[in-house]
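Heads up, the thing below is written out as structure tokens.
Chain lettering (A, B and C) follows the sequence in which the chains are written, and residue indices restart at 1 in each chain.
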Amino acid sequence: MKQLTLSTASRNEYVDITAQVRAAVKEAHIEEGLCVIYCPHTTAAITVNENADPSVFRDIREHLGALVPEGKNYAHAEGNADAHIKSALFGCAQPVPVTKGALALGTWQGIFFCEFDGPRKRNVYVQCIKQ
Amino acid sequence: MKQLTLSTASRNEYVDITAQVRAAVKEAHIEEGLCVIYCPHTTAAITVNENADPSVFRDIREHLGALVPEGKNYAHAEGNADAHIKSALFGCAQPVPVTKGALALGTWQGIFFCEFDGPRKRNVYVQCIKQ
Amino acid sequence: MKQLTLSTASRNEYVDITAQVRAAVKEAHIEEGLCVIYCPHTTAAITVNENADPSVFRDIREHLGALVPEGKNYAHAEGNADAHIKSALFGCAQPVPVTKGALALGTWQGIFFCEFDGPRKRNVYVQCIKQ
């Protein structure tokens, strides 16, 4: 299993980690199989979405913030209950098939680390499985 | 990896692809393992839910449309920001265990392609992994 | 594939199944690979989130109930349309990498069965895949 590290700069942030995941898949020397990108944190997530127009993630960030507001009167005393809920909605694991030695991403797809309680130092695990 | 193709007829639509995925699992000749159904598009998703009463997906479509409205003033200029957000909420990959040579779906479960920006021609990847 | 069984006591409930999943991984004797925890029901889900402070899941339960209210005028006649929608939002499958013979969970992460239409008897499948 490969571990990536990254630093986020703001509370809600989407970091494109496609290149690092591609490198981990190359290192794993797998022709056909599966790659699972995993976030070991409870206030962050992994997602796949458009990597071309940054306004897509601006809309995702704004709308997710409207659905799960930061300032609500939550029970959890650490002030990041919204981040836990966002993490559950997006999910901490992203499987992507590997075919012909490469990630089977669509033309417009990138892999993103979703920070919901930054800025922080974060880890991401990449596990590749042979078919 | 097996590729399925399908055509959707409306903007928001849920297409039952269980039979095609079952056929791909049979072709893969796997007794125990995992099947990952993957959508390479950023305005669509894959989900598992009830395949018996069509009113379940009517409710899912209506309620998801209420949570992520189509007409909002989004930044993304292509008019499909809602579809990108829905895709992130539902997820583009669905793992289903394979046991005794077949998908370990529950009695009422079917596998559905979720179209959020149709009508379009779409692809779905099916990758099977041996235990 | 290993099958777990559990009973839920209320309509909306989050049951920590981390210990049972850990035991299934130990039984599978896998050093490096993947574990997929799968819920074969359409009104429940699997998620990973904080296992330390129970107020986190109180907030998740309350907020998810606000986003997808139980009493709305849904088409599905069984009175559990909200549970189907919640299941689609959280997802019925959770992949977690296995490394050095154990689940690669983060410090604060636990694996939870999410009941949205209890009380019921439920099954959970655990499938482990070697790298």
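In this section, a residue touches a chain if its C-beta (ideal position, glycine included) is under 8 Å from a C-beta of that chain, and two chains touch if they have at least 3 such contacts.
The structure presented is a predicted model; accordingly, all values stated were derived computationally and were not measured.
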> Nearest 5 degrees, what's the C-alpha rotation angle taking chain A to chain C?
Replying inline: 120
> Where chain A and chain B touch, do the two copies share over half of their residue numbers, giving same, or under half, giving different?
Replying inline: different
> Any idea how many Å lie between the Cα centroids of chain A and chain B?
Replying inline: 20
> Using the touch rule from the top of the page, what residues of chain C touch 2 or more other chains?
Replying inline: 34, 67, 89, 91, 95, 129-130
>> Please output the residues of chain B touching chain A within their complex, sorted ascending.
In response: 1, 34, 36, 38-42, 67-68, 72, 74-78, 81, 84-85, 87-89, 91-93, 95, 123, 125, 127-130
> Which bits of chain B are touching chain C when the two form their complex?
Replying inline: 32-34, 47-50, 53, 55-56, 58-60, 62-64, 67, 89-91, 94-99, 104-109, 129-131
